[in-house]
Structures are given as C-alpha cells and as structure tokens.
C-alpha cells in the first residue's frame, strides 16, 4: 500500500483538529456504521473494566463448592465454574487483563515495529537490507519459542506476556509500516528537515513516524484482538495472569474444555467476550483505515 | 457549422464532510463539429469535473450530476442508460486525461490497452485490431510501432505515454475528443510536440476538441474559441482573439496580466490577482470573484452577475464588464 | 570570481541502479555529468532545462541531500563535500530550500507554528520560548501571513499560503542562499505572481541569494540575473538573462524559447517554432559526443563524435556547442 | 463369559514412545504400545485390582533362601523370540545385567532399585539366580517391574543400543509397524508360549495428543479404550452419549501430587508453619468435590488407599491435616501460624507445573484452602519442561511448590524413597535432612515380616506427615478407564504402567 | 530481472544462516533440557548419574561451538541428524508429517484464495452497502473465534450433528487420493476460512484503491464493461498485497496449525513442533525451525517473483 500525498494529508485532517472532533465522531458513526459498532464494543469493554468492582456481584476468587458447575440461574447469571465461582463476575474482572494485555502488547508490538520500519526505510540501503533480513529471521520463529525465550530471559509476569506477544508482532508491523515509510521518506518535508540540519533521530521520530499513522493504526487494532487470544494460549508457560486470578483466556482453557459438553456456559461466555472484543477492534480498525484513506472516502 | 455538443446549465456537486461542493454550477458551452474549443480557468474551478460529467464518469456516489442537459448529436447523454452510455464512451467521445503517468494501466501492454477499445466498439478481431493499433501509434509519431505493442507503459517516456493516450482516444474515430490538460505534466518541448500533433490530427480528421488547460499560452496558440471558468461558472466566452485582445471580465484580465511574457520587456513587478481562490462549498452570495476584484462595486457582493453578450457571441458575466473595455491588457 | 557565494566545480552525480549487496550495479544514471557554475552574493541564478535533465539533483547536491559522486561545492569558502555530519549541520543553516510542491513539503502533522519554531529551537537561534514565538510571528508577517496562522495545520491553508510557509521556514534559519526548486510550478497562475513578487521583495530586503530552478522560461526570465540552461546532466548555455533570451547561442536554448507559447493569439499566429524531434535521451545511455545531437536541427558530423566543452563565447556568455 | 478370539484392539495413547527401550524410559507412552511385544521375568497378577501380587511370567516358579539373600527362578521351556530362537536364562541374565550393571554409556534409570543385587547367575538354561547383598522385602515385586523386558542376549552382546530402536521379544504380539506420530500396530504371535493366548488378532495404538480427540474417538467407537485415564467429565459425557455401549473401570491411582515445602526458606523451616499448611486443607470434603472435576479422589497417606500397606481411613483421621472436623483444624492452623509469627495475609508464591490436569484444579484448591486460614497465595505456573530444572531442583528458587510422585508398581520401597533425606536422594524437594526417616526407611525395606514392615511404615508416615509435616499429600489420583462394551478380560490396577501385555484381553462381537 | 532473481535467491542463504544461529542460541537459553524432561517428569526416582550418561550420549556435554559446528557440518551435507528424543533420523520423523502439512497448507491456501478474491472484490465493488458489511463481518468472524475453543466446538458439532469423525490414520494422496481428500477437506475448509479473513480484507482494500486509480477511469472512458474492467484492469494490480498476505500465511500454515491438527487428529508438523520444543529436542526443533523458515523465505522469494510476473515494472528492472 503506497502512501500517497493525499493519504498523508488526510491523516492529519482526521487526526488532530480538536475543535472538530465531535463532528468527526459523528461523521465517522454516520458514514461507517460498522466501525461505530466496533467502537461501541470497545467502549463497553473499557467501561466494564473500569467499573468491574461495581458491576460484579461476587468476588472473582470466592469459591462455593455447593454450587459447582451450576447452569445460569438467578444467583449466577452466567452460571458457575468447577469451583462454584461466578462466571459473570470473573468475566467482568477478566476484562481488565484482556484490555491491559491487548492494548499493551499491540501498542508495544506496533510501535516498535513502526519505529524499526520507519528507521529502516529512512536510512535505506544496506541498513535497510540488513534490518529486513533480521525481520525475516524473526518472522520465521514460532511464537512458542520466542515466548519461552522471553520467560527465560525476562521471567514471567504480566508485563512479560506483553513482551512475548509483542515481539512476534514487531517484524510484521515493521514490514507493513516500512512499505508506507518508503513513500514518506521521499516526501519533500523529510528533505526539508534534513536540509534544516536536524538529526536523524529527530527526523525519524518527529517527522516520519507521525506520518505512517494509517498502517500503524490498522496493525495496532488487528494486533489487539490477536493479543487477547494469545495471552490465553501462553498461560501454560507461566506467562500472563495465573489462576485463581480471573482472565478471559484462562476461563476458556482447562476445565472449560473439559466440561464443554456438560457445562458449556463455562467456556461459552468468555469465548463470546473474546470474540466480541476481537470483532470490535477489527471492525473499528477496518473502518478507521477506510476513514483515513481519502481515496476510499465516498462522501 | 452544426453543433456537435451542447452543454446546458450543467450542475455537478460533491457531497463532502465540509458540505456540498458545487464544482460545476450551471455551466453552458458548446462545441461545433471540427472545432477546437478551450476551457480555461485556475486550478479547482471545475474544468475537469465538467468534462467528466460529459462522459458521466464523475466519481460516484460522492459526485452527482444534479441538473442540466448534455446534448450530443441531438441526444441528451444524461438520459441514456449505462449500457448506451458505454457505447458512447470511447466510440463517439474519447477523453485524454491529465496524468499520462497514472492513466495507463501499468500491468497491461500498450497493445492490449490500445486494441481493447477497437475490439469492443468496432468488433475487430485481434489481428485487425493490432494492425490498427500499429497504424495509430505510427500516426501519433511513435517510432517502430510494431515492436512497441508488446511494451509496457513504464517503458515509455512521459511524452510517449501522452501520445499513446492520444492514439487510444483516436482509435474508434470519435467525433469529439475531450483533452483534459493533455500537456500539463510535460515540459515545454514535449508539450509543443503533443499539441502540434493534436492540432494536426484535428485538422486532418475533422475531429472536434475540447481542450482544458490553465495555460493561457497554449490556448492562444491552439484554440478557436475560449470559455473562461471561475468557481464553477463560465464567466467569459468568446473567440480567442477577442478574449486576449479585449477581455471583459476582471478575472480574465488579471490572469493575462499576472503571467510574465517572453515577448514583453521585463517588468519590475508582476501584477498578481490578490487573495485566494474561493472555497466551492462556501460561495459568497454575489459574484464569486468579487472578494478579489479590483473593480468591485457594491452590487457585486450581493447579486450574481448576469451573462451579458457583447459583439459576435463575446459573453461575460460581470456587472462592470462594459467599463473594462478600455483597460490595457498589460 | 572572488565574490562568489557559491561555487560549484565539476559536479558529477551518478545514481547506480539495480545494485545490491552481492551484485554489481547494472548501470548508472548520469544525472549530473560535470556541471560548474558560481553564484554571486545577492544575485539570482536561474536554472532551466527539460524534465529530468538534472536540475533538482544539482539543487539537492548543493543542499547536501545527495552526496556528489565527485566535484566540489564551495560555499562561503568551505567545501561542503568534505564536511562530516556535525559540521554539515552547522553549515546547513546557511543554505536553505523551497520545494516545488507546497502540498507535500510541509509535515501534515505539525502546525505552522511548530514548523517554523523547530529550527529555531534545534539550532539554538532563539533559545527562549517567548522569543521564539515572537520570531515566528515576525516570519509570518514577512511572508504575508497572519499571526493566527501559526495554530493552523498545513491542510487548512491554500497552496499559495503553504508556499509562503515554505519560504518562511527557509528564512527562519537566516540563510545566505536559498535553493528554490520550482517554487511556483505547482501554483495556480493567479497565485504564481504573488509568490514571485514576494521572493523578489525578500531578496532586496534581506540580501538573499537564489538558485532559481524552473522550467517556465518566462518566469525565469522575470526573476533571474543570470540563467543556466541544462540538458541531460550538462550545462548547455550560461549567460546574463538578456543575452540568453535575446541572443541564444545554443540550438537547444533556441528550441526551448520557441516552444514557449505566448498568451496572445495574434503573436502566436505569426511566430515560427522549432519543434524538436524525438525524445529526451536516457540518462542511462547518453548519446556520444554532444548529448543534444540526436535532436539538434543543425547537428553536423562532428557533434556525434566530439563532446563540446563549455566555452566563453562572448564575455560572460558561455555555451557548449561546436557551432556557436 | 468365555473369551472369544479375533478382532483388533484399537486404543489411543496420549503420548508416543521416545525410544523402544524399556529399561531406559519412564513413560507409559512406551509401555502401552510396546509391552505386548515382551515378557518379563515376573509380572503383576493381571487379575489383582491392588496391583501388588507378583506372579510368574516367564518364570515358572521360584524359591527364596532362608536367609532371604538368594532367589532362584525356574524358567518356562519353549519360550521363543519372535525370530524363532528359544529364550533361555542367558537372555534373562543379559537383560538384567544391562539394567543392574549397565556398561558405560548405557542408561538404566532403575539401576538404583536393584542396588541390593550382588549378582545375577544363570546356572543352567532354565534357571536364573539373584544373589542379594542384604535382605529385601520388596525384591520380588521389583522383579515384576513392567519395564524389565527380556531381551535377546545375542543382540545385546552385539549392540547394547539396538533395542532403543528395534523390537525383538517373546511377547504375545509381534511388531508390525510404527508410523511416527500416527500409530503402532502389533499382530498376534502365533507361536506364543502361553497356548491359547492371546485372544486378539492384533492391536493398534493410535497416538492422539488431544484429549478431546481421544474422547471423541471413544465416543465414535474408533477407539475402544485408553489405558491412562479419562476425567470425570469425560465419563459423564460418554455415559450420557453411549449408554450401555461404554463401561468404566476405576481405581485409586498410584500417583499423587505433593506439596514440597522448602525447608531452607523462612518461615517454612518452622514445622508449625508446615503443619498449619496441612491443617488448612479440607481433604475429606475435597474427596467429594474435587473428584467431580479432576482425576483425584481418595484421601491418602503414603500408600495408595485400598492396597495392602495403606493406612485405613480411621487411623488416617488421627494425623495432622486429616482431622474430620475442618473448623477445628483451621483454628489450629491459624493458632500455629500466629505462634510462629506469620502475620495474617502473609503472601507467598506457589509454584506449579504447566500441566493442566490435575495440577491446575489442585493448585486452585490449595490456594483457596490456604486463603481460608489467612494466607495470600499466588500461583506461578512454570512450563513443564523447565519445571524441575528451574524450580524444584533449585532450592533458592521457590518456597512452596507442587511435586509429583508416581509408581509403576505399588510398593513402599518405590513409593516412599522420595522422602528420605535430601543428601541421599536427589528427588527430595523439601531439602530437609531427617535421619529418623532414613532409618525407618531402611528398616521397613529390610523387614521381611509383613507386620513388622507395617509398623515401620506407620511410624514413617506419622513422622513425615504429622510430626514434621515435611511434605504434604494432596488427594490420591483416581484412574478412570473407559472401555467399549466389547472389550473384556482386562482388569484395572492402581498403575497405568501395569497390565498392558494385552494377552488376556478379548473382544466380543 | 535475472539479476534480481539471483540476488533474491542468494539472499536466502544468509537469512537462513541467521535463523540457524538464532534458534541454536535461543534453545540453549531456554531452561530445561531433554534429559530432565525424560527422566524427571514422570514422578519416578531418577539419579543425576543416569542423566549425565544420557547427556553425554546426546553430546550435550560438549562446548556450544562444537555442537554448533557439528550441526552445521551435517546441514552442509543435507543431514539433519537424529532426533534427540526418539533417536530416529529426522528425515524419517518428518517424511509423512511434512507431506501432510504441505498438502493441508496448499489446500487451505486454495480455499482461502477462492474465498478471499471473489469476496474481497465483491465487497470493494459494493463498498458501504450491506453486501460489503456482510463480507466484512463474515471474514472477521473467522478470526474472532479463539481457535482452541473453536476446535472443541467443531469436534462436538461434527460428532453430534454430522456424525463425522476425524480419521485416525492419515492416508497419503499417492496411496488413495479420494480418501486423502475426504480426510483433509474439512480441516482445509476450516483453516482456509479462518485464514481467508486477512486476505479478504486485503483484497477489499487493495481493490478499493485500484478502483480509484486513474487508469480504471481511463478504462471506463473507453467504454469497457465492468466485468472486463475488474478482471483485466483491476485484479492484477490489486493482487500484489493479497499475494504477500497469502504467502506469509502459507508459511504459518506449514508449522503453526497445532490446534487444527489436534482437533482433526492430523499428524502434521504443528504438533510435532510443540512436542519437540516441550521435549527440548534440540535437533528436531532446530530442523523444524529451519524447514519452516526455508518455506517462509522461499515463499517470500516466490512472492517476489510473482510480483515480477504480475507487475512488469518490477520484471524489467
């Protein structure tokens, strides 16, 4: 995807002017109903995470062996799990992890990727070629090995699951962003900055990076959903949140699969929550992409 | 001569987040058979959109033709079905686009792009179509045309690409060619080559041409009649000689004065038209040029000027056009 | 020429193409092939020529945006080619640029105020924030913009206004030389004249020196003191503007001049024109001898064999043609 | 029911044999597909549900000298290797020499089990004699080990590693093929010495990792059984879906998850704290509840409940942490913690291995139990492969961690070796030294009288779990084997390593 | 062009070498070793002495550089060595699994392509209509389902509703093509659908961009039909990013289909990968990473060649 002059302009147009943000939001909602639905889903998720303490009728840890595996009922709206813990309450609390990991990992992955992609495009030549080959090497590695290496080098914990998920995203984002940055690099304002005697770091950070926002945002939203899914699949390595703390991914593993047939609510609702979150972020990301590309604008 | 094309009160608008852009706002002009008519005006005044409206190629759904008639050979093009219109495009009316770099498909060979129109409109077989394509390339002065058919646009220079566009337009012997800034992207020497070619062809084959440009020099050299556009309207019309010798609209006058000319002594200062072109989505109630006009009177900011016809079809839309008659051009 | 602000000597810039880490380049584009000229303080040198003849590349080499393949660029007595990155940053303040395209030469994500203040801050020209704001207003005023424009983003300005910002940005560094790379080509005819007047005005007030690159010969004639005509990476002719326009010596210059249409049908009807045959040859494989000979209306055998040197045919009037 | 002949027994195996060499490996992934190709000297009686009674396999009979130091075995005649050669005592001796006195570069993981053996002799082709260094109550059982395949002496003489990648045994089934990652096929050995057996024409072991896929296979009757274990949830789902087409055998399982408490760390060096950790656990009600969701069930001491050496429940209830009154127990736990100076809300990390079943539910349960006496425990899972190296084997790395003990045969010597002092035993992850325990271990091991041995074992149990609370027992694992109604002639035992020769198994039409 | 291909081709080798070095080092950084996994994880007694013997046998006691050079030397002779876990030659371990994974990857890619291209074009042509929305929702839905959850649901659904069971033993295409296809069609559909999502969205957005290019307007001005414009003028231009995405995914499909393999009981590279790593089977893991990386790098290379085939500007460089 080449970034054209118009794209860059329109990004600025869509991005900054504060006075018009309400208008812009309204326009976005009117012109991109799917994107607006996505945005709503994200908003709900954020609100739930922020107000979990008020929304959840139970503590996430309270066990009730008398109510093990009860189907959804008046006391437990979405049923209970194998320890009699309230599925709804655990989902409400679990939204926090989903958001932190989703946002954290995708932000780090996309941002570092964008930085590398932009710098690689800016310096070009041999540096670019070497950086790209390094990215190739990184892409060839399966997630599980990288995740294990993160555990080995950095240890476990929430922040490290974020790294483990972010690292494989970096080369992917770097690739996509680089292709846009190549076009930005040829923009006269970058030359102007060079002619003004600015340092390379300044040019990359201040002048180029903000202008690859469109691919960056698309990658970011696409990664967000993936990160939530990946977090769950890495918990057996000790990464991320561990039982008995509530997290969507954890709720979907182990016992939920075990009891998929006899107590399907245990996995169904958190699975649905993840799906909706991924849906929300992707719908929003897609539409944001359309909204940022002037050539795709219909109105 | 008979009227080939008559555009009557054409209105084309774009819906944008900033509001309705009246890109073409009640434009009327006509082209006779075999004649070369120019449409001039500054960037963004609606020249291209009016040509695209004739082809009914305005980018939908944002852009819409909201009113007027486009009578071509007695038929109103706006009333044709999409299928009928497809037959008109390329067959009766051909268009040469502004950007030769991007208007050719980079992944198809020159031959493919030249022959497909012939195959569709004239029902030629592949062999006949290639023979014709070679002939066309030769006609527009591309050396070694047979070998060129297998090449791709990026292997052509800018001038060659523009000539290729001309060849494509000529393919089905259209009655009218809409040439939208056919040379803006080219430098002077190539520009001269292409324009000479077009003029020559139009004379020899009797094709009518609508040349769109903002280069007044080009107009002076090639056009029979001139329409000057400003902010979506025609503000002055007449034969080329009249317009240059006796401009009756302050904008035309300003335009002629602001460009340095090789045939004049060097001036100490140029005389620019002060101010900025108007925003087409927020046009003032009166004359759109009024805010920049040195001859402005009170009425100009309140009432849009009527088109006043002078001698021999020289029309201008200005309340004070009469008083301009004495102004020297430079 | 001791009073030369800038002196370009035997500038060569070749772009290798198709080369990689392991393979040799498959060819070179001879974008500039031995160009020499100088610009005196306070004068405007016009640089004209067909598209692709190397005008922009010359400008970029002077700005050190491209490293020349060989040759020297002596600015205020210092050869810029030999400087390292840090030294260069200091010299760069003194040589500034205005680009052709007002739409893409301003960073769309920065306000006008930020664009103008940034060099002041980075180079420590105005260290204090208040002073900087003051200077930004001053600059805006100098190029005919309003103080409130500093809060705007480039897309909120018209093309002409953007080009003014581009000029203000160049001025912010207090440069001695400004390379104007087709500063008005993208502008609307009705705005062109405004910008040209502004450039002239600034020159007389601030004592600036311009290298004015353009392909519109009428504009160049208007603004330049001297004019250099380039063809395929070489200078074809260089002289005072009067000499160039009134008595062109090089056949290419003559063809160029005759191709410029004049906005007057009466004159046009009478004018004789030399329409050049053929295309601009490729800078990948320049013709032998005089690079212009394949298109030249008066070429003789010698032209295809021997490269014509740039000769001073009359005082101050240089041309590279065997027949001049 | 009289056994019927014919048919192929298809079963799933959740893991695949790494190599084919029994004495070198420890996984059931080897036993399940490979055991049918071999015989051992003794075997555990395939009809004994406690899995403790050794009977002869290729040994016809045996005698024990009165000093308990010499065991002499008479071998069956007419036992043939699959290549037709007769098996004699020389093969048995070679096989055992490889296990007990492995030459350099040959790994025998169970060498330590046979430290007692001084010498193996083959006085004649049908006699084999073991000479011991000291009397051992467990020696006969150890010869019934399912790993000790009888290999061919000639082959071993040529290449000690040959059996790592080849099969050549005397067992009821001959080898057909092993498609890596997919399946293992064996077919009836027509010349099997035990005339009339096997009943099956052959068997096919499918290597299927995914648990759900295994359950689906049983449900769709693509697989007739699985010999490790299914879960309570599987049992419920399969019973609902298949009705009388499926049956289950259940048994206490000779595996248990333990809580290793690191004695080198404060405050866990204080036995009051360790006892409090045990007192906090409501084992008796967990037996009811956890058994619905995990493969655990019985409350256990150091021996598998229901087996001869196990402590009966009534006696067990007297031990610390096994009291039936949980409120009293928890009150005592809080008191002990307070006395030891551990504040309310004391926080520590419980390390767990990244293996879901049953590690995860048990950890959740433990943490919840400890929470109820005012301890704030976080779980840290460590990937299974790194767990021992980075946690258990590193005394600095953890405070309290999940540990695992599993036997291939129910025998105190094997099952409680783990608990003797750290300096004698690499597998003690409490990092304590307790000479009393060491002495008791040795005494029970050498006791040849059952009553005497029982007494020592009780003392050992009391010291380990109550007085010192060195280690905590969670619940005994519980094995649930699904069998298609057509499968007969197989008896569950407490070990998933036992009873897999398949010679007695038959299929009804 | 030949230069270009040659250059791209030669570049594959240093990249692969980088992969080799990195995987070698990473595996040694990750804690746990194969001997521990083999002898400590079964809950049975194991002594350090036995483990030392095993380590020596696997050569794990040698210095790192020596292990590395041994491995490299083997690789130079196209010898991947033997699996540390099973002792069998790695080529033997991989033979069947590679075939299966490759076939599944190809089939899934075909499914994904067949879904993505028409749907993407449709959505682009009908931008912002309900058809566009439906296509987008359909494609995102494939991505939104957590795969392990989807896997369980799929097994249950097939079992209960269709009474379809995953085959227990893979039949090679060369043995019985029909049965082979019958076995693989469901997983191919499932995987293809899931991975069509990104390609569909890419197709849509690339098509949207191309449809607004000037040359499409030129084509319309010539009076061509929409179908011809789409197929002749737009498709080829829009294919480049789609090919990139499909290429990237293909490499992933080769080694990353763990859940699918579990669900459909397929004996492919994905499960083997996870097992090799969880066993710390260095040689096998290294071989697998190298193979997947080669596929990835080769597909990358092939994509670039495809670019050149599609786009003459690249071809004639």
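Letters A, B, C, D and E name the chains as they come in the text, with residue numbers starting at 1 for each one.
Just so it is clear, contacts are C-beta pairs under 8 Å (C-beta built on N, C-alpha and C of every residue); 3 or more make two chains touch, one makes a residue touch a chain.
Just so it is clear, the model here is predicted, and its values are computed rather than measured.
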Co-neighbours of chain E and chain D - touch as defined: A
Most remote chain, CA-based centroid, reference being chain B: D
Of B-C and A-D, pair with higher C-beta contact tally: B-C
Distance from chain B to chain A - Cα centre to Cα centre, in angstrom: 49
Computed distance of Cα centres, chain D from chain B, in Å: 91
Centre-to-centre distance between chain E and chain B (centres being mean Cα positions), rounded to whole Å: 53
For chain B, residues contacting two or more additional chains: none
Interface hub residues of chain E, defined as touching at least two other chains: 11, 30-31, 152, 156, 212, 277
Numbers and ranges of chain C residues touching at least 2 other chains: 20-21
For the chain A and chain C complex, residues of the former touching the latter: 5, 8-13, 15-17, 126, 129, 187-189, 191-199, 202, 206-207, 210-211, 213
For the chain A and chain E complex, residues of the former touching the latter: 1, 31-34, 133-134, 136-137, 139-146, 148-149, 151-153, 172, 222, 225, 229, 232-233, 249, 252-253, 256-257, 260-261, 267, 271, 274-276, 278-279, 282-283, 286, 289-290, 293, 295-296, 298
Of chain C, residues touching chain A in the complex: 20-21, 60, 63-65, 88-90, 92-93, 95-97, 99-101, 103-109, 118-119, 122-123, 153-156, 166, 169, 173
Chain E residues within the chain A interface of the complex: 11, 14-15, 18-19, 22-23, 26-27, 29-31, 127-128, 133, 136-137, 140-141, 143-149, 152-153, 156, 198, 201, 205-206, 208-209, 212, 241, 248, 251, 255-256, 273-274, 277, 285, 289, 292-293, 296-297, 300
Chain E partner contacts - residues on chain D that touch it in the complex: 10, 16-19, 25-27, 104-109, 111-113, 164-165, 179-183, 206-210, 212-213, 216-217, 219-220, 222-223, 255, 383-390, 393, 404-408, 414, 417-418, 425-427
